[in-house]
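One chain, chain A, appears in both complexes that follow, with chain B as partner in the first and chain C in the second.
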Partner chain A sequence: MTAGTRSSNSFALGLLMVVGLGCLAWLALRLGDWHSPFARHYELNARFASASGLREGAFVEIAGVRVGSVTSIALDPARFESVVAMRLLPGLRLPSDAIASIRTSGLIGEKYVRITPGGATDMLPPGGEILDTESSINIEELISKYIFEGGDK
Partner chain B sequence: MLSALLALALVLVSEAPRASESPTEVVRATISAVLDIARRDGPDAVQRTEALAVVRRHFDFESMSRRVLATHWAGALPAERARFVELFTELLTRSYWRKIAKYRGAPVEYVSERIREGRYATVATLVQTDQARVPVDYRLQRTDRGWQAYDVAIEQVSLVRNYRGSFQDIVRKEGVAALLTQLEAKVAALPP
Partner chain C sequence: MSPTSLATTLQRRVINLGAMGLFLGQVLRRLPHRAARAGTLAGLVVAIGSRSMGLMIVAGGFVGAMLAVQFFDTLSRFGSPSMLGAAVGLGLIRELGPVLAALIVLGRAGSALAAEVASMRGSQQLDALACMAIDPLAYLMVPRLIACLISLPLLTAIFDVAGLLGGMCIGALSFGSSAGIFLDSAASGIGPADVRMGFVKSVVFAALIGWICLGKGFLAPAVRGTEDVSRVSADAVVIASMSILGADYLLSALMS
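For the complex of A and B:
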């Protein structure tokens, strides 16, 4: 075996290693739902009277399609309402009259945020706030209300 | 003659845009005017027309319609939009008038007012019905005609979002023209 073929074999092996590692890295990133730090997500906030049952990581849906997730749920201590931060797909833009509603998937499923876009021509800027919201409907509270307050006609 | 002139002057004064009024004042004035009309004796149709005139001054039915038709508003022809606004206004005012005309509950309670970004406001109220105290929130926006309501949320359920959902399905499957036909039938079926 000459020195020439040995070095070309090593080169082919090295190339294979590089390609293999590259493929692995690509696969890991794809599976890990990793987004390029250069792709700017569309971040929006929304305030709810109650975000009861909603969790961080809950998904955000438009027309039944998952377009992002809830990144944080915080309390506004001045008004005692919840401020929900959402991270949506980069490139998405919503009209300013979109409505965010907290809904339950199925009858007793987990809570998620459903956004219904509106008809306005101006768009919410990244970091903006969806002003019109619907809180989670608390069925128990509604029922108890109509049990206790329903009688005194 | 003099009293007729005075009446006319009063109407003109109340017609003038009251841009300085706060959102709560707008909501309060509209509700009490409508309830006053409802409590008076007189033919129902006359009362309804009068109440509608009051409501129209402070409810922006066009903005409401645009929000309801949502993504389909841009694609609708100007004539279709105008017809939709007309029919939707008719549907809302006629179906709610029947409820308001019968309302004899406690005075509406004004809970809070909140202005955001200088041009949007939410006025939270409580209405005492036979069954329970129901939270009713009015959402308004500032226009050159003063504060105008564009949505009402009852028990946190938004009127605009509700109709947005049901009308979108019809428009997507059958188009705007079909929605207009269905609305016409709905309005025609309302009791006079």
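For the complex of A and C:
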């Protein structure tokens, strides 16, 4: 093997490594949404009577802006309520009377959590709980209500 | 076909499969102590990986553009063309990227590997190595398998990124959606599990390509001329491509 082919081989190998690893890193970090373990996110919980249709990873919105996502949905076995844990942007702080509601984007779109900030002066600490919540609206239930209760009148 | 010849064929198939399994076991056992120098491995990665990079960029760009055109039409019917980035990205990263990159590498490098090893068998180079007390499995097969395992995941990542860029260009140029919306939709739609799935698939496909192409060449029974070499390499490509598609289904079913 001559010196020329050796150095062009090294160049080709280096190019593959740089471009390939760069693409892999971009896919994993930018698209894979890999959160840095060091960033301190603003974690909040909210209790809902029903979190029907909400999924882990659903987005959280304030004033139409995506500010975080749902990390877990669990059942509180004592009160039979769903506890939804959310992870919001690090710098954000919400007033203690903020309202969390589960909404649907569009008529058949996915469910998300909408937070409406209140006017209180004290802020929810990280790990705190939003007390005022509205559960998801079940369209089937609404329709059956109209059908069956409308007949009685 | 008479019952006896059917039984003979079946028996031969089972024996071949067993020999391939034995070959894989022997190569895997020699993975820790490699006999080849690092320079050999680098040359093989260049031959399998670097020389396919341009191919990945071109093929990935076209596939991404095609996906954008197809998904834009479908998504428009459901009123959510803003999901274009997520649709193209998920299709590429979970499914088309690993499979198409593997099939292209199989056609370009896998067939060459099978033909190379089969002609080594035919010209008795493998026997010559064994006579010199050099283990052909450790010296020739192991570095080739490792080169496949290094190259294909990187090539798949390049294919995915090229596809996303191709889809983004079509989305921005033809459908008036901006590059930012496309990438944001892709970033919000794709999760770590999707990237992991694509990566696992590409590693498994690389192992399949290495195993089947090298094994078919190494175990080729009677290589007497050029015709036998081409038969072995065609066989290897057919079997490997079927295995890749089958494994793709299994992995998709298992990991989703």
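We adopt the following convention: the second predicted complex is superposed on the first by the 116 of 153 C-alpha atoms of A that agree within 3 Å, B and C clash if a C-alpha of one lies under 4 Å from a C-alpha of the other, contacts with A are read in each partner's own complex, and residues count from 1 in each chain.
The working rule: a residue touches a chain if its C-beta (ideal position, glycine included) is under 8 Å from a C-beta of that chain, and two chains touch if they have at least 3 such contacts.
Values in this document were obtained by computation on a predicted structure and should not be read as measured data.
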item: First, second, both or neither for A:V19, with chain B first and chain C second; value: second
item: Partner chain in contact with A:I139 - chain B first, chain C second, else both or neither; value: neither
item: Partner chain in contact with A:G119 - chain B first, chain C second, else both or neither; value: first
item: Which of chain B and chain C A:A74 touches, first, second, both or neither; value: neither
item: Which superposed partner A:D97 touches (first chain B, second chain C, both, neither); value: first
item: Touching partner for A:L27 - first (chain B), second (chain C), both, neither; value: second
item: First, second, both or neither for A:N9, with chain B first and chain C second; value: second
item: Complex contact set, residues of chain B against chain A; value: 66-74, 116-117, 120, 130-133, 139, 151, 153, 155-158, 160-161, 164-165
item: Chain A residues within the chain B interface of the complex; value: 49, 95, 97, 99, 101, 116-121, 129, 131-132, 134-135, 137, 142, 145-146, 149-150, 153
item: In the complex, chain C residues that touch chain A; value: 42-43, 45-46, 49-51, 53, 79-80, 89, 93, 151, 153-155, 157-158, 160-161, 186-188, 190-192, 194-196, 198-199
item: Parts of chain A lying in touch with chain C, wherever the complex brings them together; value: 9-10, 12-13, 15-17, 19-21, 23-24, 26-28, 30-34, 57, 59, 66, 106, 109
